[in-house]
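Chain IDs A, B, C and D follow the sequence of writing; residue 1 opens each chain.
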Amino acid sequence: MSSIVEQGYGVGDVISLLWFKRSLPRYCTHFMEICIMLCADHGPCVSGAHNTIVTARAGKDLVSSLVSGLLTIGPRFGGAIDDASRYFKDAYDKGLTPYEFVEGMKKKGIRVPGIGHRIKRGDNRDKRVELLQRFARTHFPSVKYMEYAVLVETYTLSKANNLVLNIDGAIGSLFLDLLAGSRMFTKPEIDEIVGIGYLNGLFVLARSIGLIGHTFDQKRLKQPLYRHPWEDVLYTK
Amino acid sequence: MSSIVEQGYGVGDVISLLWFKRSLPRYCTHFMEICIMLCADHGPCVSGAHNTIVTARAGKDLVSSLVSGLLTIGPRFGGAIDDASRYFKDAYDKGLTPYEFVEGMKKKGIRVPGIGHRIKRGDNRDKRVELLQRFARTHFPSVKYMEYAVLVETYTLSKANNLVLNIDGAIGSLFLDLLAGSRMFTKPEIDEIVGIGYLNGLFVLARSIGLIGHTFDQKRLKQPLYRHPWEDVLYTK
Amino acid sequence: MSSIVEQGYGVGDVISLLWFKRSLPRYCTHFMEICIMLCADHGPCVSGAHNTIVTARAGKDLVSSLVSGLLTIGPRFGGAIDDASRYFKDAYDKGLTPYEFVEGMKKKGIRVPGIGHRIKRGDNRDKRVELLQRFARTHFPSVKYMEYAVLVETYTLSKANNLVLNIDGAIGSLFLDLLAGSRMFTKPEIDEIVGIGYLNGLFVLARSIGLIGHTFDQKRLKQPLYRHPWEDVLYTK
Amino acid sequence: MSSIVEQGYGVGDVISLLWFKRSLPRYCTHFMEICIMLCADHGPCVSGAHNTIVTARAGKDLVSSLVSGLLTIGPRFGGAIDDASRYFKDAYDKGLTPYEFVEGMKKKGIRVPGIGHRIKRGDNRDKRVELLQRFARTHFPSVKYMEYAVLVETYTLSKANNLVLNIDGAIGSLFLDLLAGSRMFTKPEIDEIVGIGYLNGLFVLARSIGLIGHTFDQKRLKQPLYRHPWEDVLYTK
């Protein structure tokens, strides 16, 4: 226990023990901490933040407010990270070329998760993606899944300038490198972890920090009961 | 079991058995059903409906959507019914005159729960309040708490035209008449029921019907992920 | 509004308006009320009741306790009703014989939802199933889906004595008769309602009554914090 | 952003920015990380873990399982940390002697939060408490609240051997030293933070790590639907 302080262990090491039931190398647990830090913040406008704020303004306690926001996390909000890891893993393990992978997805009518951004472009990449890639190139023994994701990005950028590898795709592919490169998991264990969707856990934990912060904000500001503007419903729905 | 169909039992009778552990007279269980029907509907703008809609639009399942909305129910949204029953009971049982009750609350800085409406006035009462009062006057053996609430309203209306007895106050006071008039509860049992806040249960159950309806609406309309307008945050907060 | 009392409307009529956006015939709304009444009760041992009880014993409010129990409702607890309606509808609409339906499911490795009971047998049927069937035969203009479910049961009973049509199967098939027989829904509307899973809403609403009751029980009994027995974990897991 | 990696920032620094809206010294954010690490783990028997496990075994998704467990956190499970900080702050700021504080609480019929343990004794202290105290003595500019808590413990230990300062009391008192000693908060800001209950946020975040771990365990082990043993209800309730 005292080694926690003396040896500079962090939150990632506790996650390693409680989720993976083994002590992963520090570069792995540090990588998970960086993912948490990068995903913690978000504006007050996303679904989760909005629900948390509305619940806090109804005078409810911290747990109710947090939970009301967490419940929005799923296929459309946060779900892309796990999907990215699943599809990239499947494509790479099958030896598909980026062309085969992307065009195969297109035929099935599925957007490639982890690719595409509303604002970012090929010549204006997401700083967070670059940070993660730099960290992994420096510390990971192998970044083969990430390199594959970059090749996929090269292909998609040739089709449209906003089809960049986004933060979901970067985390999704690098998590595969973490699992495979650490040599601490068997192939079936890796399949299980990707199948269950451990990255959703990282996202949920990260966003909890931001959602708790939103709750405290509302309580400090003593905000009254929220009521959605009536006109918005009349015109939007 | 078959008596449920043959004898025309309703949802209120099941509530009676599972919450009160006894079979209340039909006028009592009918009264609870009317309360549920009157509280089920609400526009899409209230806190609970909004959260449920946002969660459903995030692609989450029915339970997550419903629950995200239910979590807003508390002191500011739905809580007035129980508070009305507690304060009216306390004032009536102590024999306070409406003047003593209202002015005493004022001194403590507490608004009288169950009194006041944003739109309704003394000459334009809430139809639902009148309906409940008519039902109770016809079927209840005693409506002493309701009559007391009406006397309180007479006093508050003399101070301001919008200080009418609202639906929360009507349900709160009539529920006291239900408990006392049925002669099926001891005094300590009544105190316990009012203390625990059984009326919150009726409100939660009623609103669940509406919230489930909102979830189905969003799924039918295939609404996309909600994002709160950014300008709203800039100007309002 | 006043017609609610005068014309003997019930909770089912409010559900009809808020979920289906139309006023269904009284036999339809009465059927939904009976389903709610039959599903409201359950022992304290099922997943939902247990979670609600544990949360109430942690001293949490009614909404948190209820919600903690509702969150267990899903594929394994409550989900069979919707699945039964989907599979029975698909099989009947495709004109499959009971033999083709049951054996086809078997080949796909899927248990027929709505068939099978831990205790009930062909010569000791569930009273609730019989009650629903009698109600429908008396009031529904057509019970073709129910009759199909009975034919399926006849076939499955020839294979094993406990493969009876259970309450999930009865509600699932009769709900199809309600939708088709009322002649108030188009075919695409029926597909949508069955696809979205409206029956889950009925189950959730019904169980809420029981879960709220469990919360009140714990608060009345002033139960302390729950702690799962340590030996149970050691031996079971 | 890139400073996150280069300068060795951790999860505590992100919490500092999102909850406190300022960049606290590294020893403060490190202290919060240690609290998270110390509170993350817990056996599968506590209320939260049990609910999460039951929900995961009902086949529900990660968020539903986590949330079902979080909802048990409140007055009886996790609430002692905030209460300890509130009572210790009040007593210290009023200049009460340990005797006056403890006996005053006794008169009001309130157990001193943060004092007492089921197993630990004066001669067998909780290692985690010692670790936190050592860290604070080394890094905090002032530990006046902690020293006060130790004096209180000395007095309570003179009354009974198990009335030790527990982990809740240690975190609660040291958090006061963090707020006051960092000289980055005004007195009203500190009152607000203690009033709102920021420590509950730390506890919720910490336990989320453990609860997510329990969910993954159940999914890996492919556990079936939980059903509470019937005998337990018959005998215990």
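Keep this in mind: contacts are C-beta pairs under 8 Å (C-beta built on N, C-alpha and C of every residue); 3 or more make two chains touch, one makes a residue touch a chain.
Owing to the predicted nature of the structure, the values given are computational and were not obtained by experimental measurement.
Looking at chain A and chain B, the chains in contact with each of them are C, D. Summarising the inter-chain layout, the chain whose CA centre lies farthest from the centre of chain A is B.
Here chain A and chain D face each other with the same set of residues for the most part; over half of the interface numbers are shared between them. Measuring from the averaged C-alpha position of chain A to that of chain D gives a distance of 27 Å. Each chain gets a centre from the mean of its Cα atoms; for chain A and chain C, those two points are 36 Å apart. Annotation for chain D: residues 61, 63-64, 67, 71, 73-74 touch two or more other chains. Those residues of chain A that touch chain C in the shared complex are 61, 63-64, 67.
Here chain B touches chain A in the complex through residues 43-47, 50-51, 54-55, 57-60, 64-65, 67-68, 71-77, 221, 223-230, 233, 237, going by the rule given at the top.
Contacts from chain D toward chain A in the complex involve residues 1-2, 4-5, 9-11, 13-15, 17-19, 33-34, 36-38, 40-41, 61-64, 66-67, 70-71, 73-74, 127-128, 131, 134-135, 192, 196-198, 200-201, 204-205, 208-210, 212-213, 215-216, 219-220.
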